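Each of the next two complexes has chain A plus one other chain: chain B in the first, chain C in the second.
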Partner chain A sequence: MKGQGLRLYAILYLIFLYAPIVLLPIFAFNDATIISFPLRGFTTKWFAALADLPTLHLALKNSLIIAVSSSVLATTLGIFAARASTRYEFPGKGGLMGLIMLPLVLPEVIVAMSLLMVLLGIGIDLAIWTVILGHTLICTPFAIAILSAAFQSLDKSLEEAAYDLGESKLSTFRLITLPLVMPGIISSLLISFTISLDEFIIAFFLAGSEPTLPVYIYSQLRFPKQIPAIMALGTILVALSVLLLTIAEYFRRRGLKKTGAKDTGGFL
Partner chain B sequence: MNTVPHAAPAPIASRPTMIEFRDVHKYYGDYHALRGINATIKAGEFFSLLGPSGCGKTTLLRTIAGFEDISSGAVLIDGKHMADVPANVRPTNMVFQSYAIFPHLTVEQNVGFGLRREGGTSAEKARRVEEALEMVGLKGYGKRAAHALSGGQRQRVALARALILKPKVLLLDEPLSALDKKMREQMQVELIRLQRQVGITFILVTHDQEEALVMSDRIAVMFEGQIAQLADPETLYRRPNSRQVANFIGVMNFLPARVLTEAAGRIAIDVQGLGQTEIDATQAPGAITGGETSVGFRPETLTMLYEGQTTTERETPGTIEEVVYYGDMTYYDVRLDGVDSPVRISMRNVFGRPVLDIGTRTRVAWSAGALVLFR
Partner chain C sequence: MEEKSWWDRFRRTEAFAGYTLISPTALYALLLLVAPLATILAYSFLTDGDSVTRLVWEFTFDNYITTWTQPIYRAVMMRSLSVSMMVTAVTVILAFPVAYYVSFHVAPDRKSLWLFLITIPFWTSYLIRVFLWKVILGYNGVINSGLTSLGLIDEPLTFILYNVNSIVLTLAHAYAPFAILPIFVALEKIDRSLLEAGQDLGESRIMTFWRVTLPLAMPGVVAAVLIVLIPTIGDYVTPQLIGGGKIPMIANLIQSQMLDQDNRPLGSALAVSAMLIVTVVALAFVLLNARFLRVKK
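Take a look at the complex of A and B:
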């Protein structure tokens, strides 16, 4: 009986989680401007319509630039921080790591507002790179959390062995450390990319005149006739996300197999 | 027991010095991990650091490799001060306790890792890798993925990888502790053979006294960051310089004793249960101060006499309190008359002589020459 209740809960939970996402492609292919049942018929015209929206293209380009830049930046910073926190002991380490991880629980609107005030205060024009700055800030804690786990599971004597065999500290990092934490790095890049791509508040506050994808979508929701096209866009994004996760999981599993490591759970 | 053919190597004392520790101290924060280590290790020697877990063996080994800075004192390798020499240019290579096999590389990439920095054609390097693999009995394993190897094979890869660079000193941190008993005994013999073959200094860290006795030319017994005794296996076994060393290596019986007189290299003592006897001064390797002390003797230096058997040695009566049968051997715990606690006697089981029962009265033969006097 207990198992039954649990199963019901799981089913309801999954419906709640995925029903809206399932609705996306349904209405994206529906031949009507109004989002309501019954469906009117099959069409791909909403997808075709996406091709004629120059602002969308600009927003997409901006979002990609921002997501790629901030995921690379956050992951790079994450590597240094995770490395330092797992390998070295230094005074005030706990407090410092706490401060670095703080944006994880800080309301984004606070981060966005304080960043905006600082930037305006020192007279910096808002642009794509200010969004990159904000996104790097919120992605770095995630990157550190993921990479710390990767560095923690790395046997310290592997690096010592390479150093003992004549490599420099730097080449040891390149030849041993980096390949072995690569699954963590890929995870970090991917998570940061996803966080940045759909982040709204910071992008809205800091983008100036440059729209990002979520900001653009939000602005279009005011025009009812645009909604089916937005549905089509959403469908593409969902498909791309699934594809991206699948690719990342493939590489992660291949990495595990190559080093014979135990699978400690991934995304899929 | 393992046997290895002897090639009559030069006596240890006459060989040149390879490693020298000069009053080495090491602190981890407030913790005093190495407390004044002084020792020299000779070229081509199989040297062991033996001691209980946490006594500083690994720390001392890592000061040779260059992974651990020392707080004071000096470490010299082949006559050169190592203070400013980083680990990656020291003439030492290490076999790690975890083996530290690079899991993302093949066996031959692991073994050839140290050659990356060396000159020479790739054909030449491939030949050296093949040679190294052959030396450790892994010929033909080169293309395997390193992570798919068994414990014993990983150990061999780690050995080949460290030896391929022809270091002056090979450092081994408990290399056999992860292997099962059979494999361990096999690898002990192979390590001795390998050391004879390459002729370089091996420094082995182990907490297993039997392993140290079997493999080493000399052993440094360590307790709490200090070397308690440094000697060849036989001396350590027969003439331990303290009760602590005696207890750590093999089984040792102790009886309370009193020093009566000391003159001309002879010491007269009175031992509980055994009575008065005289020993040579060399049988008291630790400093003795006279007065109340104790003597020790190994279980196999005692013999239980059978009905009617006579001996030219001294004999003492006693009662058997415990019998432990090992097949080839039997261990008896015998309480000698007038002694507080039983002593252990090991007897080889001989055909035609039955194992004796608990409670049997017996006579124990012993000789003064087998006694060790402690302070």
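Take a look at the complex of A and C:
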């Protein structure tokens, strides 16, 4: 049968992709401090242990503040750039867009280090907002990729009809354009939020003494005693990001339906 | 007067509207990306002072001479390059059949589901994924304890963690979805009637793949290679966790020079050199494949 061998390979590949992640819940519910087989029995105490870690709670709060701020900022900046690049032609557009998208193809450690050098050079104290600066920078290209697709599938004649019917540029944007690209905006917010929440390198170097969630996890990995609790935390995080992605995917598809575009699949 | 009318005319052009709209985002990138990159470029030509964080404003090439001639730095750069090339090769070669399967053999309404399944692992915490490989490969890890409890081995295997191969495996796993998506997009764009034409004209299935499908998929393969190659050269976490900190790559070296050793000029020269290597390798690869990338409209 044609394609049977390929199908088997694709399924094996999926198993390879998921194999490490499947271990998370297995050991999060395992009643042993050491992560190894055979399993010792079922427990939820590692999840309960998460409630007694004040540093974790601080890290979670910091991460949420950073992720919400960065996703809003990145999406706002993304709207400007995506609208400009899909609607207008101007000299140097390719260069400017290339510059804005550059963080996508730059090793993160270089983005983080160069920003850190400038901040230290000026003498700015590292804090939550310096992480927000960095995360906004790296989330913006992703926001633009999503929003450009949303703006591109927008039918220009709908806006022109609104102008003809006497609406101003601003009210047309508010009444026609914005509602039509809203699904794109929501999925851009969700994707940026997820990226920021998970980002480690920039947070590690720019956060100063304020821990974020990944920085906290990284610091705990050195202590074998803490590993089961980290497994429990990881399980919760994976469940949350699957939930967020499902919502983002739902809005993306609804947006495509709204504007009548064909589903090409995927986020990127 | 004339100046003003030029300005007035310019203000009404499409270009002006475009510049105005893009300016916040472009300014942000200029201030937070271009300016910092320019700063480390400048730092890389300065001299490190005696006291902490002090720079001496003397122009020098010494940092680059050190970077490119000292065996330690050369070794680390070569390791970063070879690790990321191995990762790229493994990732792209393993990913291609999956992208091909999803594009050519999955029913159109199930494609989204497959892509969704492929992308989910990528959106779960990178740090935790890397750490999980340590859990799998470790001395008391899943593989060793699993094999021991099955009675297949007596002593834990020590050769599976803390070496270059385990770094390659971990990174290949982490970047897998990055490789599948661009190849999939390129395969989707292929006009299926071209394949039928190839077979009608007497080519075998394999020859049609080799002479029609693969060349048309090359833009996707090139994109996949670049997307995997560039960030893996600068990976910091995996050498730290999976390599046990004993097999540093360029990112670890930059970090230790800039922060631990507090030699910012040398750290900057390392960072600039790393960017140069990435750019040269990426450009060379693109040029090698230039004949596939000329898009037929």
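We adopt the following convention: the second predicted complex is superposed on the first by the 246 of 268 C-alpha atoms of A that agree within 3 Å, B and C clash if a C-alpha of one lies under 4 Å from a C-alpha of the other, contacts with A are read in each partner's own complex, and residues count from 1 in each chain.
FYI, contacts are C-beta pairs under 8 Å (C-beta built on N, C-alpha and C of every residue); 3 or more make two chains touch, one makes a residue touch a chain.
As the structure is a prediction and not an experimental result, all values here were calculated from the model.
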Which holds for A:L14: it touches chain B only (first), chain C only (second), both, or neither? second
When the two structures are overlaid on chain A, which partner does A:P103 contact: first (chain B), second (chain C), both, or neither? second
Which partner does A:S168 contact after superposing on A: first (chain B), second (chain C), both, neither? first
Based on the superposed arrangement, let me know which partner A:L221 touches: chain B (first), chain C (second), both, or neither? second
Of the partners chain B and chain C, which touch A:P25 in the superposed model: first, second, both, neither? neither
Once the shared chain is lined up, is A:D155 touching chain B (first), chain C (second), both, or neither of them? first
Touch count on chain A, higher of chain B and chain C: C
Going by the contact rule set out above, which residues of chain C touch chain A in the complex? 14-19, 21-26, 28-30, 32-37, 39-40, 43, 53, 94, 97-98, 100-102, 104-105, 111-112, 114-121, 123-129, 131-133, 135-136, 140-142, 144-146, 149, 173, 176-177, 181, 184-185, 188, 226-227, 230-231, 233-237, 241, 251, 254-255, 258, 264, 267-268, 271, 274-275, 278, 282
Could you please specify the touching residues of chain A with respect to chain C in the complex? 2-3, 6-7, 9-10, 13-14, 16-21, 23-24, 27, 34-38, 77-78, 80-81, 83-85, 87-91, 93, 96-97, 99-100, 102-103, 105-111, 113-118, 120-121, 133-134, 136-137, 140, 144, 194, 198, 200-201, 205, 214, 217-218, 221, 227, 230, 234, 237-238, 241-242, 245, 249, 253, 263-268
Mind pulling up the chain A residues that touch chain B in the complex? 155, 157-158, 160-168, 176, 179-180, 258-261
For the complex, which residues does chain B have touching chain A? 65, 67, 87-89, 92-94, 96-98, 100, 102-104, 113-114, 116-117, 145, 147-148, 161-162, 165
